[in-house]
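Labels run A, B and C following the written order; every chain starts at residue 1.
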Amino acid sequence: MAQPILEIDDLVTGYGRTQVLWGVTLALNEGERIGLFGPNGHGKSTLLKTVSGLLKPWRGAIRLNGESIGGVQPRAVVDRGLIHVPQGNVLFPQLTVVENLRLGAYARRARAEREPNLARVFELFPRLAERRRQLSRTLSGGERQMLAIGVGLMGAPKLLMLDEPTLGLAPKLKDELLDAIGKISRVGVPLVLVEQDVEFLVALTDRLYMINHGAVALDIASTDRLDHGEIMQMYFGKG
Amino acid sequence: MATAQSVFLSGIVLGSLYAMMATGLSLVWTTLGIFNFAHGIFMAVGALVAWQVGTDLGWGLGPAAGLAIGVAVLVGIGFLSELVVVRPFLARRDVVLIAVITTLSASIFFENGTLLIWGARYKQLEPLIPGKVDLLSTAISAHEVLIIVIAPLTLVLLWLFLKFTRIGSAIRAVSQNRESALLMGMNVSLLYSSAFALSAGLAGLSGILLGSVRFITPSLGAEPLVKALIVAIFGGLGSLGGTIGAAYVIGLLEAISVYFIGLYWTPALLFGVMILVLLVRPTGLFGRKG
Amino acid sequence: MRLNLTGPDGARLLCLAVLVVLPFFVPSAYVRHLIIVAVVYGVVASNWNFSLGYGGIFNFGHLAFFGLGAYASAILAKTVGITPWVTIVLAGVVAVIAAIIVSVPVLRLKGIYVVLVTFAFSQLCLQLIMSQQGMTGGSQGFPLVPQLKLGDYSFASDDKFGYYFVALFLLVISTLYLERLVRSNFGISVVALRDNEDYAVSRGISLARQRLLTLVASALFTGMAGGFFSTYTRVASPEIFGFGPLSLALSMMLLGGTGSIYGPIVGAFVITIVSELMIDLGPARFLIIAAMIILVLLFYPGGIIVGLRRAYDELLKLRPTRA
């Protein structure tokens, strides 16, 4: 088997003295889309933050295409094409939509493709094109999420990590967004997707990891066809 | 009525200087979330470098060279100061407080440094343009006209820089959301030093312009700094437009007050007005809520 | 109250004992003068620490309380003719009134706005003093303030021994007062408000009232220290309101450590001594002090007192312990 794109090995970290991750091990292979789910506060966001360099790992390894990126500056991670769209990202509220998007291509490697990528984002999210001159704080919740994903795409990702892009959205908007994410991943961008809604994850990804108590509790292929009852059982333990 | 016009003009001159100073303070405040109490001494250092480079008592390279080198040196000093007195403390919980003491320390450092290098004798810069000009049927020094022109020009340039350049928008961005800026691959530390350097450059420029109107002492910037603080509070920290507007309001208010109730009671009046504004709007007159 | 002589009480009594006998061992009146200055700054810094360190109110007008106290006492003693013993106490009252005035705008403000408004307040006090030349002496200061006298005994005549003990008395009273204050219900609620404003407010602590009282409490002895200082130096000087004393007191507080009452007092002594040792360097010594402040903040964020405590604990460990 070829080398995995992203490899996380026994990762341990936390905030200050509070440990959150207790040894996470997972891998993402070429062309693969993985989903992370599990109860809130059990380390999904912390995991992504550590991968993107916002948090330093206490122990363990993070490798991108075989190269160790554990503990490097976020901008070194971005330079390697790993883009993290954090949860509930408000971006830069006092800048316009298009200013936000252009800043998404701040890294040198994304700059050359900035304008073509901008056109692609506007194609994916026509609503952002309509509101391009508006300050981003005036956007609705759904539009903000679109902008956040759009900014991530502007970074010309070789690997995209989305943290709950549909958090707090109405079902209709949620479908719309997941549709867009599906389009992105079909272009062949490897994806790490965090979602509460496991059914969506099953539809969009190839493999699922359940993160529980700061570690991987379960690793399942999405094709295994879980039914609702099984998922509930995974969340809440065996009854 | 010539008096009204001369009061107006002196208000505009003051407002121009305050606008440049307060914008510098406000730039650092919005970007780094700290207040730079060395801003006043930066003015004095700028004026002294310009004096050293430009005047015949120094190296005699002329006022223009003095201005250019003075501002350049200040940009450098700003960059280094951020590195030494701000950056190591940015992650601390009480950074706002610590930054007050570290920038005050920097202020003491530079104040006594200038005393060591240049001694305590008063100095003065030659005006950048000599002579007098008739403006609004009032005779006013050409240098003051230059201040009235340079200040808005500089601020427009600053605005263009912040609005349309890559680094400029990044500086605005990082002040709004540090984490997102990091995740977009911005070099946040470098942006912080750049904002600080830019602010120091503005202080240097204000100092050089002021240095041919007043005598240059280490405390050249102390009194304007207090005024600029009032302006920054008045305008609502962080809003560039509000700060500039407030600078001219305060400048005019000061000129009017000096004319009608005298030099000594003016600070009390300004302070009173500031308190009133804060009582009504705790985030400043033009400041955003929250 | 039982004294725990091997614990903190022992350290305090030891320090007090050293301070009481110290003037008899130091060689000159000048050194006694330096200790008096350190003691006065100790009162200023430790009281400031009550509002800033304990209360979390960034009051940068604290030196204005000191300055106003100095001027009030000097003017009352010389112009009105009240005995300095009384004017020093009245200086505390004047500082308390100033604290009430500065509280008005501060009550509703947050963070940096508090810093700016209080700093502007102290500058305003300075401007007012400069402008009232007839009453205050303007930029020249207010000279020839009457000396302390006790019957026929003048404190000016005995190589500063008298003033030394008055200053020490002030420090001891102020410190006992602060000790009582931080242990009182009021003191505890002040810290609670600093640490969790929302919680404290929801428990019925009034933010505005609390801030007002905190500032007032920190002003009382600061003003008296000002009154003592102008009586002792025989001049009330506008320089008190400048950047110099402000950053000096602030660095004493931060170097010493804001976590306790004693940190700022230790800081006051250390900075006074260090600055004195380098007096021959002229302006260069301020460069060194400034650099030192940055370094200590960088490497000892808790302040010197933390190191001292540790050393004292180690010292006690060396003694054989009784079973």
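Worth a mention:
The rule we apply is simple: contacts are C-beta pairs under 8 Å (C-beta built on N, C-alpha and C of every residue); 3 or more make two chains touch, one makes a residue touch a chain.
Given the structure is predicted, the values throughout are model-derived calculations rather than measurements.
Here the chain-to-chain distance from chain A to chain C, counted in touching steps, is 2. Across the two interfaces under comparison, A-B and B-C, the one joined by more C-beta contacts turns out to be B-C. The chain with its CA mean position farthest from that of chain A is C. For the pair chain A and chain C, the distance between mean C-alpha positions equals 54 Å.
The geometric centre of chain A is 43 Å away from that of chain B, both derived from CA atoms. Distance between chain B and chain C, defined via averaged C-alpha coordinates, is recorded as 32 Å. On chain B, the positions that touch chain A within their shared complex are 166, 169-170, 172-173, 176-177, 179-180, 182-187. Partner chain B is touched in their complex by these residues of chain A: 52-54, 74-75, 78-79, 83-86, 89-95, 99, 102-104, 106-107, 110, 151, 155. The part of chain B that touches chain C in the complex is made up of residues 29, 35, 37, 84-85, 88-89, 92, 96-98, 100-102, 104-109, 111-113, 115-116, 222, 226, 229-230, 232-233, 237, 263-265, 267-268, 271, 274-275, 278-279, 282-283.
The touching residues of chain C, counted against chain B in their complex, run 52, 58, 60, 104-105, 108-113, 115-117, 119-121, 123-124, 127-128, 130-131, 243-244, 246-247, 250-251, 254, 282-284, 286-287, 289-291, 293-294, 297-298, 301.
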